[in-house]
Structure formats: C-alpha cells, structure tokens
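Next up: the structures, one after another.
Both complexes shown next keep chain A, but they swap its partner, so chain B is in the first and chain C is in the second.
Let's look at the complex of A and B:
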C-alpha cells in the first residue's frame, strides 16, 4: 500500500525539481490533449516551446518574450515578498492600472513639451499610483483588520472603472475623432519607453525587472527585511516576539508590491501599449500571481517562470497560427501547468511510503 | 529614432518574409478576431467569411486565424507573426486593432491589410464596415411597436461612434411609431463577456424593460431574456436563431462573405487597392434575420417595408428634422446625415435620456 507521509522538513531537492516535473507532466498531458484534437502532439509542443526561441522567426519572437515577461516578473517579484510574509495582495492588476493612469496623466500634462525630465517624472508617478492604490487595503487591514485579499481584489474593479472614465474623459485624445483612449505616448519622444537597444525588446521596464530580480534576491537572503518577511511567514507569533511590527510589515510589503505593479503599468503604457485605452489591462496582475508561485516565491525562480509563461503565450499564438489549434486548447495547456505544479507540490512537504504505517 | 528602427526592422522582416513566401504560390490570408470564434456573434460571423473564402478559392488559398486577441501590443505581435509567416493579406476584425494594424502595415508594405470599422488607411491598409444603423432602424420600429412598458433596454459595448449611431437610429424609429418610448442604455465596456452581458440584461429587465437591444456579441442577454419571460430581443451580428421565435424576434446579421471573397480575389489578380467601404442593407453586408411569428403581421410588414425602402435608397434612417440631445438643431426638415458626421457621431439625438460617458 502506498501512503503519504509528511516530511519532517520540506524537501529542498523537490522544491527545485517540482517546476521541472510539472512542466514535463504538462507536456505529456497536453500532448495527449493535442493528439485527441487530431494534431501532431510533438509538433504542437515543439511549436509552443521551441519555435519562439529557435524557430524561423525567433529573431522577432525572442525580444517579444522579454516584452511579455517583463511586467510579469516585475509584478511577481513584488508580490512574492508579501506572499512569503503571509500578506496576500491579489489586486496587483488594479495597482498596475493606477500606475499607468498616473504615469500617462503626468506624461500628457507635459505634452507636447520635450524634456528629459518627463520620463523620470512618469516613473515616479507610476510608482506612486501603484503604492497609493495598495495602501488602501494595507491601511484598512492595519487599522480595521479587514481582509486584504478581498479589498485588494475588489479595488481591481474600481480601478477598471476609473480607467474607463479616464480613457473616455480626462485623458482622452482630443484629436481621436470621438473615439476613447489617450494620445499615443510611444509617439511622444519625451515619454516613450522604447527599446534601449533597438530590436531587442529590452525596454526600461524589462531592465528594471532584471534589476528587481537581483535586488529581490539580495533582500530575501541578506537584508533584515527579508529575514523579517520569512519569519513572519513561518511564524507570525515568533515574528512579533522577535520585534517585527506586523502593521509595519503589511504596509511595507503592500507598498513594495503596489509600487512595482504601478511601475509595470507605467512602462507598459509608455512603451508597448502606448495608449491608455479602456482595455489597457490584459491581466498581467493576475498572471503574475501564477508566475510568483510557479517561481516558488524565489526571485530567480520568478525570472524563469515569467519567461516560461511568456513562452506559452507566444508559442500558443504560433500554435494557433501554424496548426489551427483553438485558443481554448492553449488555455487548457496553460491551466495544466499550474495544476500540475500544485499537484506535484505535495512532494515537497510529503513523501510516498510503501507498506503499512508502523505502530507507535 | 523610431523611423529608422522601423525601417531596419522592416528590411530584416521582409528578407524573412519573402523567403517564406517563395515556398508556395497559395495566397495566404490571415484573420485576427477580438473574441472567440464560438461567440456566435461578431467574431463568429467574420470566421464565416473566412470559411467562405476557403470554399470559394479552395486550393488556391490558405487561411490562418488567431482568436481572442487583446486590443493592444499583443495584437501587433500576432499581426507581425502572421506577416512573417508569409501572409499576403490580413483582415483585422475589430476597431481596437487600428493602431496595431497601422504599425504592422508600416513594417510590411507588401502585405495587404483590411481593418474593420476603423478610420485610418494607408497604401496597404483598407477599411471596411457595414451600415449597421440601417438594421438598427428596423429593430427600433419593431421594438417601439412591441413594447408594453415603453421601456427599451440597450446594452452598449463601448461609447464609440458606431455604437452611439446604432442607439440613435433605433431610438428615432421607435419614437416614430411610439412617442411614449424611453431608452435605457447600460455600458458594458466589453465586446464579449457573457457574465457582464447577462448582468446588464437583468438590470435592464429589472428596471422595467421588455425589449432588449444589444451591441455585444454573446447570446447571454438572449438567455437572460428567455429566463425572465415576457421580454423580446434581437440577434446581434449573427442570427442567434436558437432563441427564436421568442425572445429573439429578429436580428441583424453581418455578412462579410462576399466582401472577403472579393478582396481576396483582388489580391490574387493584383487589382487590390486601398479603399474605404461602408456597405448597407443594399450591399448584402447587413441582413435582417427572419422576423418571427411573435411579431404581429402588420408590424412585420411595416418592418420589411422600412427595410426595403432603406435598401432602395428611398429612406435614410437619419432624415431631418432631428435635434441633438441638448435641443440644438442637427438636421433640417428633409436633410439627411452625411457620412462624415455619422462616422464620428458622439452625441445622442433629442429625447434620449442619460449621458454618453466621457
């Protein structure tokens, strides 16, 4: 008989191995699904995982991977800090939107004046927008003990309404022929977030995401904040006795995650998106939650997970294009990834044992 | 800096693209859809057009599509991938793809783009749309005759000219046959989201509406109306005949088939040129779906008569005297609206309550 037994310590080996096992299982199960749909499973998997990196047109899709992964990584790094401390900011999507609104408003306020100050001002505004929006659930939790999961999530819908109102009113392009949406910031040189090296996809947001990974790693392993975060996550009571102020920790963690989400929104609206439209947000804030867990709440892991997620998006599009795979199948495939990760996760905390339980 | 990089990118991309195109002489046609092709509305009808192209040209054509593409940088990436893989022509089937279409068209001057419902064109970008407002007028007539509560609910997607035009056209006709009629507009801020659309329909029904018009693409409002009982609806974009004879009493069907066949044919024989097409009932782009027996015979007759008159060009749905909502004069007696005003319409006509969000 096989049974599960709790490990005395979470297995380090499995912590590292589970994402890879999950990806492998996803390939097997996904391949089976593609085969059932009458498509060549090997070709489908190759199209999703290989072609964007090394296919015929990889010189185009590789930079696109960075563009897609950049905001995911940036947001996920911020979220992981709070998640480790047991502070659940689910509303990064809203903070992302607010960052974009603040940044776009700042940039448009200067339009059409050209100055090197515009872009830094937009960065500050973007971070501020995200932080302010994250402070609502943070302060409500500290002051009144509200649940930050609910409050931050609900504020996403408020942010979406605010976005629609901005795109239709205050920030609407006066030369837009009556259509909603702001001016295109990517066509306003002082505000544009362009590739640092043309054609590489490496814009300021991607660069900052990479910096965030490094800083995140240092903070988690070497800095006192990282220690407090880990302590609070493992044992809130011990953390209090150890001199960690829980309210302070909530404000700091929510502030950092909100600020990074806001920055992600800023870089997106100033660059790849360019325009603040009603549909500006496409779910980066939610996908980043998956990325954070897929990356084991570890900065290096998040970097890899963000790239993997971006790969499934872009590879998924290629699979639609080249093999006529329906989008629903691609989404199933992405869902499988998370499902298997969570399922395999059991192995980090438990192990299989053969035979009967020994009688104590 | 931008222009130079674009040029550099374009030359690199074209080198790749010509390489891919040399492999076969089939005309490759791409489509990107804003919703899933299973929406049974807008995207579904465009996909019907794609299938019509396949049927018409058989082996001489190859079609590819990507569905549910977000309107933004993702769309530009998908378009670029399509062009890189050798598409000769791409239909971008939602207003929100405008920017992405223009950008991709600049990168790939040899690929022909057809953008639905937009207003920006280039040497290799055509725009096309249909005069759905003609169909809306017919709906308005039926709605005005059929309502007993005199409250007509309208689910708007986005407050853009196309949608506002539809609301105005339906209202004017409804008001003509029923002066007591009142419109309630709910903005859903989505083209396709069954949950939101159902919610909007329920809210309108709760507010007393017994007719629901929708400018969103799912059948969720139809289902909500069916559940509520005595409420009628109209199919949007596609026939939605599953809900006939009631609640769905008629529909506006977008028929892109002939247009797509013509344009793909033009690319094949080299006669393709950038143009702006706005087809109405007469062109076949806008069809009125079967009016069911839930509608009294004389109403049906009046509706069909209106449709025929519009098709024959005898009647323009926007014929004066019409005032704007604020009471200022828009069209004088007998004057008809010009296309330019219609294309950028961002005001309600007199009598509609509420404000266009801005």
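Let's look at the complex of A and C:
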C-alpha cells in the first residue's frame, strides 16, 4: 500500500522540481491524448514547444512570445504578492480593462497633439485605473468583510460592460465610419508603445515586466513587505502579533496587483492591440492566475511560467493551423499543465511511503 | 488475590527516530486510582493511546480481565469498557451539552431521553450539568464535566484522565476528586495522568513513573515525598528558581478601567481592570482558561486596540499604539499559543526572530531586512536558552513544543524588555526547561524589568510572583502579595467553583 506522509519541513528540492515534473507529465499525457486523436504525438509536442521558437515561421512567432508573455508576467507578479498573503484578487482581467480604458482615454484626450508627456501620462492613468478598480473589492473587504474573490470577479463583468460602452460611445473613433472601437493609438506617435528593438516584440510593457520580476524578487526576499506578505499568508495570527495590520496589507496587495494589471492593459492598448475595441481583453488577467501558480508564486518562476504559457498559446495556435488539432484539445493540454502542477505539488509537503503500516 | 483489571506487559512502540515506549509493564487493579507520571515526551500519551486503541504497539501484550486485549480502534476499547477524558476537549461550541454528548456515542438515544440520562448521571456523581446549555457558554470546568459525563454514560470499567485538573480552580479540583472517589468505591479503575505531584499524592493509590519511554519507578504516592517522585521523573536533582528579593521601582504600566468587548465569538470581554505595575516586580495572574487571559494579553501587546486613557506606559497613553510602536517603547509580549501565534510554523527560526525582534534589535533598515543580524540574533537565543535544534534555518514546526517555547520566550527576554507580558510561559514544557524559563524570568525582573506572568499553574505563580491577582470573567481581582497566600484564598480569588455547587454530601 502507498501512503502519504507529511514531511517535517517542506522539501526545497521538490519545490523547484515540481514545475519541471509537471511539464514532463503534461507532455506524456498530452501526447497520449494527441495519439488518441489520431495525430502524431511527437510532432504535436514539437509543434507546440519547438516550432514557435525554431520552426519555419519562427521569425513571426518569436516576437509574439514576448508580446504574450509580457502582460502575463506583469499581472502574475502583482497577483502573486496577494496570493502569498492569502488575498485572492481574481479580477485582474477587470483591472486590466480599466487600465486600458483610463490610458486610452488619456491618450485620446491629447490627440492629435504631439508631446513626450503623453506616453508617461498614459502610464500613470493606466496604473491608476487598475488601482481604483482593485480598491473596490479591497475597501469593501476591509470595511465590511466582503469576499474579495466574489467582488473582484464580478467586477470583471462590470468592466467588460464598461469597455463595450466606451468602445461604442465615448471613445469611439469619430472617423471610424460608425464601427465600434477607438482610434488606433499605435498610429499616434506620442502614444504608441512600440518595440524598443524593432522586430523583437520587446515593447515598454515587456521591459517593465522584467523590471517587475527583479523588484518582485527583491521585495519577497529582502524587504519587510515581502516578509509581511508571507507571514500573513502562512499564519495570520502570528502576522498580527508581528505588527502586520491586515487591512493595510489587503489595500497594499490589491493596490499593487491592480496597478500592475492596469499597466499591462495600458501597454497592450497602446501597442499590440492599438485600439480599444469591444473584444479588447483576451483573458490575460485570468491566465495570469495560472501563470502565478505555475511559477510557484515566485518571481523568477513566474518569468519562466509566463514564457512557457505564452509558448503553449502560440504553439497551440500553430498546432491548430498546421495539424488541424481542435481548439479544445489545445485548451485541455494547457489545463493539464495546471492539473499536474497541483497534483505533483503534494510532494513538497508530503512524501510517499511504500509498504504496509507497521501493525494493521 | 484477584487478577488485576488491566495488565500491560512489555509494551514497546517506536516511531521514526524515537522510541516512545520501551518494555512498559505494570498492572492496574480494580477500583484503584493509578497515577502515570512523567515529563513531556516520557511516553505517557503514547501509552494511554495504546490502551485506548489509537496506537498499536510494536511488541508486547495487554490483558483486560485476564483476557488478551488489543483494541484496533477506540470504538473497540470503549466497547470493552475503557473510556478516556482528553486534555483537549473535543466539543462543539455552538451545540448544547446533550447534542455534544450524543455526537460521541455509537447509538445515541433520543435527545430528550439522553438529556434525562445526563441529568441523572451528572447528579449521581456530583457533577451537575444542564443538558440544554450551549457549550460555548460553559466554563472550562463545566466543559470537562461534559466529557466526563459522556464517558460515565458508557459505564466504563477503566477511566483514563489526561491532565484533568489543568483547567480547574482548586475548588473544582476538590469536586472532581469527590467524583473520582465515588467511582473508585464502585470498583471503577482510573488511570490518572498528571505532573502535579501534590494532587497525585491526594487521590492516587499507586503510581508508575515513566522516563524516556521506560518504567523507572513504581511507588505508593501517599507515602513518597513529592520531591522524590519529581527527581525520578527528571532523573536528576532539581533546583528551585531563586532571586535575591523584591526591590521595586517606578510604576511603568498603568491600567485604569481597562474594558474591551470580546474580540471574537465565545471570547471574553475585559471589564474594568485596574492595575499598577512597578519596575522590578513579577505580577502573577491566575485564573481558569477562558476568563480573559488571551484578551488581556492582546490588549497589552497591541493586537487589540482599546479606548483611549485605559493603558499607560511610563505615563504615556498607548491604547491606540500598534504592536510595533509598543515594542519600540519596550513593552513586549509572549502569547500562549506557540504555533501560529507566537511563531509561524513554516518559517525558520531566523524568520521567527524577525517576527518580533525587528524594532528593538535593529533587524530592519529602511524597510529592508538585515538577514545577517536576524540570524545572529536567532543564534544568540538558541545558545542562551539551550534550544535543541540543528540551527536557525530550521522551521519552527520541526521543533518540539518545549524547545519552541524556550525560543519564543527567549526571543522576548533577549530584547531587554521594560515590561514583559508572558502567557503560560511553561505550558507543555518539561520540568528542566520550565525551571530554565522561570529562572530567566526572575533574572529579568532582578535586572529591573516589570513582568506580568499569566498562568494556569498556581504552583508556578506562587513560586515566582511578588504579587498575585486572578482573572475571572474578564475582571481582575485586586493584586495581593503572593507570600503567605493560602490555597483557599487563591481559590476564592479565582472565583470559587464558578457557582457550580457540588452535589456531594447530600447524595
């Protein structure tokens, strides 16, 4: 009989190893699934993991990797802070939308004036939009004890409705022949978020995501805020005894995650997306939750997980096009990744024991 | 001679890295109160869990009534007439007494019949209990009655009691002892686990002493001196903590009419507490658990805010100051619950040093943590208080209770507090470590700090306090000099038997 036994201390080796084991298991189980669908599993896995980087169309897909990974990492870094403290901001998607609306509105307010101030003003507005949207669940929780999971999630749908209203109303392109959607900010030089090195996909948002990883790592390991976050997540009573004000921590964590999500929305609307349309948001805020956990809520881990997740998205699209794999199969493949991660995760706190119990 | 009720022979149980019981053999006679003595970690719990069917021995046998007895689970033990009252109650606060009793039974009768049975049994044994009351409103002593009555309804032949008096006032202890004597007279055997030697001398007929999992002595406690038993338990001669004597200085902490609502459901509200604490003195606060100890400690540490004007530290109003600000001033606190309150279980000792020592030991600069200094401080605490651990990188959860207690108390003492509030400083700590902690507390007072020691252990309080006060229902009695205070007076200060008039005598 196999039994699970609690380890006296969580295993450090397994903490590092679980994502790799999970990826390996996903490849095996996913390969099996592709084989059952009548596709060559090796080719499918290669199409998903290898071709986007080194295949025939790599010159197109490689920049996409950073474009997709950038917002995922930026949002996930913010979320991981709260998640570690036991503050569950599930509404990053809404904060991302609000950041984009605020930023686009700010940029469009200056249109067509050219000034170097426009872009920084949009950055500030984007962050502010995300923060304000995150403050709604934060303050409701602090003041009335509401559940931040529900409130932040519900606000995503409010944000989507707001986005539609903006795209169809206030922010609609006056020269857009009545089609929904704003002017294209990417074609407005003062507001455009262009590649820092052309053709790489490395825009300002990606650069900020990398900075966020470094700052996040420093905060978590060397700063009091990171210590308090970990403390509050592990033992709330000890945290209060250690001088942490729970309400303050909720506001700070929600504010940071909302602000970063808002920034991600700002860089998206000013760059890759260009315009604010009704279908502007594509789920980065939700996928970032998976990225945060896949990266073990650790900044470096999130960097790798964000790149990996972006890779499966791009590779998944490629596999759909080239191998006629159904979208559902690709989504299942991505779901397996989280499933195996959580399953293998058990091994950090527990270990397997073979054999019978001493005396049954 | 008749066969004993329960015979244990050669019971051995090993866990990875530790032998909990090694070749334990002794007998429990019918109608005998048998004491099981030993320090924490001596193997008492494992042994009684074996008898109760929670643990299966590696080798050795038990015989009940001369017949082999090897209960695979507690249900089988209960069916054979073995019942147990645990130290930590397994009761649901939100349910009433009868419902709680029903939850512990295999086939509970209808609730109104059960309520009738509870009334009958509890009155017959002098433990009056109202089956309709909500458990959350009961005192610790009354909760214990629920557990005892639950056992008695099963008409046990052997009743195991684990540290039954740790939550009782002296008067309640007397009521309990009357009940035990009555049971003994009916031929019920009782296995009585305790480390309070005077109680054992009062109630027990036989004693078996365990040390490091082995039986190291058997004696008749009525004729053996408490000190001899203690030294057999520890395996060494004991030294009593001592201090030069009570010079006291300025008033450092002043409570005037301290009142606060209960911070959580089934908590206790603090009511109009007045107190002056002087530098260099040790104030012992006794009382049955759940009478406001946690709440008072939290109000002093700053975890619970209080209205202005109620708490003054060296003349300064601090009711609204947070935990960190109070630490800066020199008002430190060590809570009762080690895991999850005084220490974060999954964090290393270095991180747990940072938990409270940041402000006074300069472990944080401009918001950045100084890991080197924190580690150094943790190492100093480990060394000074003889904390047995591989090093400061070890997770708090990996330490034994006593070692972690030494660490969390030591952590506060090493920060040179001006006022130190400790709640249950030696709870669950073995005798040698308890002596170390008490001595360190006395040394601290000697050096001029003011101490508030909250404890359930009256012997401990009498040993180290200059003045004694009792918490009862959230109010604090006026402190009195500890010297020469009799057990009856203390009992009265603790609130007597909490209006739970015993039914002994008339039945």
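Methods note: the second predicted complex is superposed on the first by the 355 of 360 C-alpha atoms of A that agree within 3 Å, B and C clash if a C-alpha of one lies under 4 Å from a C-alpha of the other, contacts with A are read in each partner's own complex, and residues count from 1 in each chain.
Criterion: a contact is a pair of C-beta atoms (placed from the backbone, for glycine too) under 8 Å apart; a residue touches a chain by one contact, two chains touch by 3 or more.
Quick caveat, the model's predicted, so the values are computed rather than measured.
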- Message: For the combined arrangement obtained by superposing on chain A, do chain B and chain C clash, or do they fit?
- Response: fit
- Query: First (chain B), second (chain C), both or neither: which does A:145 touch?
  - Reply: neither
- When the two structures are overlaid on chain A, which partner does A:38 contact: first (chain B), second (chain C), both, or neither? neither
- Message: Output check: A:240 vs chain B and chain C. Expected answer is one of first, second, both, neither. What do you get?
- Response: second
- Message: Tell me which touches more residues of chain A here: chain C or chain B.
- Response: B
- When the two structures are overlaid on chain A, which partner does A:328 contact: first (chain B), second (chain C), both, or neither? first
- Thinking of the overlay built on chain A, is A:164 touched by chain B (first), by chain C (second), by both, or by neither? first
- Mind working out whether A:224 is in touch with chain B, chain C, both or neither, as first, second, both or neither? second
- Task: Go through the superposed model and pick first if A:194 touches only chain B, second if only chain C, both, or neither.
- Result: first
- Query: Closest Cα approach between chain B and chain C after superposing, in Å?
  - Reply: 41
- Note on the structure: Overlap of the chain B and chain C interfaces on chain A comprises residues none
- Message: Please output the residues of chain C touching chain A within their complex, sorted ascending.
- Response: 56-58, 301, 303, 322-324, 327, 333, 335, 337, 340-347, 351, 354-356, 358-359, 364, 367-369, 371, 394-395, 397-398
- Which of the residues in chain A end up touching chain C in this complex? 8-10, 222-225, 227, 230-231, 234-235, 237-243, 245, 358-360
- Which residues, counting only chain B, touch chain A once they are in their complex? 1-2, 5, 8-9, 12-13, 16, 20, 30, 36, 64-68, 70-74, 77-78, 80-82, 84-85, 95-96, 99, 119, 158-161, 189, 343-346, 357-358
- Message: Which residues of chain A touch chain B once you look at their complex with the stated criterion?
- Response: 56-57, 59-61, 64, 67, 160, 164-165, 168-169, 172, 177-180, 184, 187, 192, 194-195, 198-199, 268, 272-275, 277-280, 282, 314, 317-318, 320-322, 324, 326-328
